[in-house]
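A single structure is presented below for examination.
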Amino acid sequence: MEKRVTFSRWTIGILFAVPQLLLIFTFFYWPAGQAVYWSLTLQQPWGGGNIWVGLDNFRSILSSADYWNSITASLVFAGISTGLAMFIALVLAALTDRQLTGSRFYRVVLIWPYGIAAPALALAFRFILAPEAGFLAVVNRMWPGIWDPGLDGADAMASIIAAFSWKYVGYNFIFFLAAFQAIPRSLIEAAAMDGSGVIRRFWDIQFPLITPTIFFLLVINITESFQDSFGIVDIMTSGGPANATNLMVYKIYSDGFKGLDYSGAAAQSIILMLLIIVLTIFQFRFIERRVHYR
Amino acid sequence: MASITIRDAKKSYAKMQVVHGVDLEIASGEFVVILGPSGCGKSTLLRMIAGLEEISGGEIAIDGTVVNKLEPRERGCAMVFQNYALYPHMSVAQNIGYSLKVAGVPAAERTQRIQAVARTLELEHLLDRKPMALSGGQRQRVAMGRAMIREPKVFLFDEPLSNLDAKLRVQMRSEIRKLHRRLNATSVFVTHDQVEAMTLADRLVVMNGGRVEQVGTPAEIYSRPATRFVATFVGAPAMNILEGTVELDGLSLLGGSRRLAMARAGLPVGTKVAMGIRPEAVRLVAPGTAGALKATVDLVEELGAGRVIYVDLDGAPFSVMTSEAVHPEPGSAVGLKILPEDMHFFSSETGGRLDVFKVSVPEPAL
Amino acid sequence: MVERTPILNFVTHVILFLGFLMAVAPFVIVAIASSHNLKDVNDVPMPLLPGSDFWINIKTAWTTADLGPKLLNSFIMATGVAAGKVIISALTAFSIVYFRYPGRTFIFWLIFVTLMLPLEVRIVPTYAVVANVLSPYQAILDVTGLSWLIEKVSGVQVSLSLGLLNSYSGLILPLIATATGTFLYRQFFLTVPDELTEAARMDGAGALRFFIDILLPLSRNNMAALGTIMFLWAWNQYLWPLLITTDQSHATAVTELKQLIPNVGGIPEWNIAMAGTLIVMLPPLIVVVAMQRWFVRGLIATEK
């Protein structure tokens, strides 16, 4: 879509875009280019020579068991938390959309979790899920040693999944509810006149009409599980135990800033960037489709 | 007050040309209405005068100065838009006074002029309201006020009444007319509504497909339409058209079933022409009356003050408007009487008016 | 609609209530835990009736993590980022919607592509840039030979340097650029009727005048929505402030949470930790509750 009316002095017009262009050049494109450069060279931190090594950094990363472990952990985390957060949110949104008494109240409260900083809720969940105090300690009382995120990798993974899903249920709920409410009331009424009951209507009408939102949220949740997970991991597990929760972003951070392996971190960044590019392209392709549904 | 001269003005978007060389001379203080079906380029022409559209070819001059390259604000025109285009976040007073504010007029003088305009338009009690809280007619007045306050050389109106209901439209129409009489500013008014056009215009410009079809007073346009398009577009119900062919001693109509005796006036035999008769020029007579056409009634539309009778004339649809209290039954036969001076002839090829015919018999035998 | 579905309604209420419990339980637990003394909070199970040490714990957490200045830093950063995003994206969208110039589409795509370059994938080099924001320009001068030229001509050695580590600018500037905000405004500007622009032009307003007098006031809703979610987003940032605030003076409340994680060994001071968590959670929660409408609207609009 284009404007019919525009202002003729476009030299002035371009000036309005300059501030943003400066910012994205300085803080996005230059660093991204730098990351590409570093990933192809071997360099000393803060100066010293850069030696061109081609794809060696990528080769060494891709042959490292630690890195594959990190990818696996990220995918497990992304898969389970996305599934959980979306399923619960979908159920809650569909039920809230029935507009029974109290639905306004649920509409307000169920979105609160999304407002909370990941590290803050991580600390809360670290307490709630602590093995020696808090709530899962009760389980440990009955079956000693059954739950310990500090020692058991699977428990640690479950903990960060719980924390992340809790936050993103709120997020997904907002979008699902908006999607349900965007369905014209007359459609539901027409189906009711055709003799279709509540559940039948959900599967025949509402669910098909919100599939675009489902796909859209799927991509967003996966992307966010790569990004927003950092604070949760850092506060709850620090990547442990035994690297069980060393997700990709966390590994980039610890390799780069703690291990000072800039080239390795840069190569990992590039791989993650490619993943995100694929997801973003997928999402925007999809949004085009979404327009057609309307 | 200013005159407007338009010379061979053209407008193209990308590949498509939408205004094809318009020539028009508007005198100072004149109220000119541009009439045409939607999409014919009326608004585009108006916006070219306003400076909202680049002029692709030709020239537009206001008061003798060519304004092709001038910005809207430098042309001294004010415009009233179809949807009013009031600034939704400003009060009525702010809307009216915005152009003065931009021009740097001091606040005191601004207030005074806003008051004066508001008094003229009876908007004084609404000055603090937002446009959202106004009725359609009030919004329309505010839009007028916004145009008036600058005391522009030229008023431009783009279908300003088409969003009002029928009653308000009639009322605003006469107010605009009165206002024009008072301010006597040059005005160009665009509309697709012929009643509006007829009632408002000093002079009427009928446009079609990006071209001017005819320029003239409303009476001229009605009584001597220059083209077949003008003939059928102006007047309601629309003028009846019967296709015909020139013969040795007259015109064969309706595929030869009727003949009109008349002088051929130099047109070669076999030339295709169209004859037009306004529905209100036809008189209903008893079937079988001498010199009358016989037709069968299809449908009668009651208008209160009169009625439109749709008849079948040898298979061709034909309409008659009468104010007489006749109520023929559908299916019954009627006679139609048409006077020679009420007949209009147009070339089937170019659509242009043909004044070469002389219908020879006082009451032609059809 | 008349519909009798008593069983389904009952199930609906039960599930929604469970959802409600799930959503608020962590808040409640955090609040209760922060009211207990050290012994009670470590009891299994923790008593669900609030204890009496709430204010003591809050005070301890406040001083331990130095939350006063840190909350102020968070506030400055979140306000700065939100205001910056709201302003800069309005400017950019105005430029690409209301003007026609060569490269306009290119600029649009440049901004679009930043969506694929989240901070997480460029942390290390962005850190390096912030250590000296002029380094990209220095590099350009060096590579193009301009610095050599300048040095030859004027005898001045070009060495651009401006470090932003441990500063508010360093916290705020790199987070301001926003593709989603720009698209939100663009989308909105496209719905502003052309006639309004034309009316303004007939009234004599130029581009800047139109932007300030007409477009910005009309965008109030957008600004509120965008401002709300961007404030929350910035308040909740963790990775970036963690990186660039190498000394404590510019740390934010969220990064300070790390100081509250109970040490291994000894009885964990969960009551203090939860009191701190509560303090850090509260501002965004208040914003969400107070600005619910804008928050929801902004979220949905920016993600489209």
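For clarity, chains are labelled A, B and C in written order, and residue numbers in each chain start from 1.
The rule we apply is simple: a contact is a pair of C-beta atoms (placed from the backbone, for glycine too) under 8 Å apart; a residue touches a chain by one contact, two chains touch by 3 or more.
Bear in mind that the values here come from a model prediction, so they are computed numbers and not experimental data.
Taken as a contact graph, with one node per protein chain and an edge wherever two chains touch, the assembly forms an open path, each chain linked only to its neighbours along a line.
Looking at A-C alongside B-C, one finds more C-beta pairs in contact between the chains of A-C. Work out the mean CA point of subunit B and of subunit C, and you get 58 Å between them.
Per-chain CA centroids place subunit A at a distance of 16 Å from subunit C. Touching of two or more other chains is recorded for residues 52, 71 of subunit B. Residues of subunit A in contact with at least two other chains: 5. Residue numbers of subunit C whose C-beta contacts span two or more other chains: 198, 201.
For subunit C in complex with subunit B, the residues that touch the partner chain are 193, 195-196, 198-205, 209, 213-214, 217-218, 220. On the side of subunit B, the complex with subunit C involves touching residues 47, 50-52, 71-73, 77-79, 81-83, 85-89, 98-99, 102-103, 146, 150. Those residues of subunit C that touch subunit A in the complex are listed here as 1, 3, 5, 8-9, 12-13, 15-16, 19-20, 22-24, 26-27, 29-30, 33, 41-46, 88-89, 91-92, 94-101, 103, 107, 110-111, 114-130, 133, 136, 173-174, 176-177, 182, 189-190, 194, 197-198, 201, 206-208, 210, 232, 235-236, 238-239, 242-243, 254-255, 257-258, 260-261, 268, 270, 273-274, 276-277, 280-281, 284-285, 287-289, 292, 295-296, 299-300, 303-304. Note for the complex: subunit A touches subunit C at residues 1, 3-7, 9-17, 19-21, 23-32, 34-35, 38, 88, 91-92, 95-96, 98, 100, 102-103, 106, 108-121, 123-128, 130, 132-135, 137-138, 140-141, 166, 169-171, 174-175, 178, 188-189, 192, 197-199, 216, 220, 223, 226-227, 230-231, 234-235, 249, 252-253, 256-257, 262, 265-266, 269-270, 272-273, 276-277, 280, 287.
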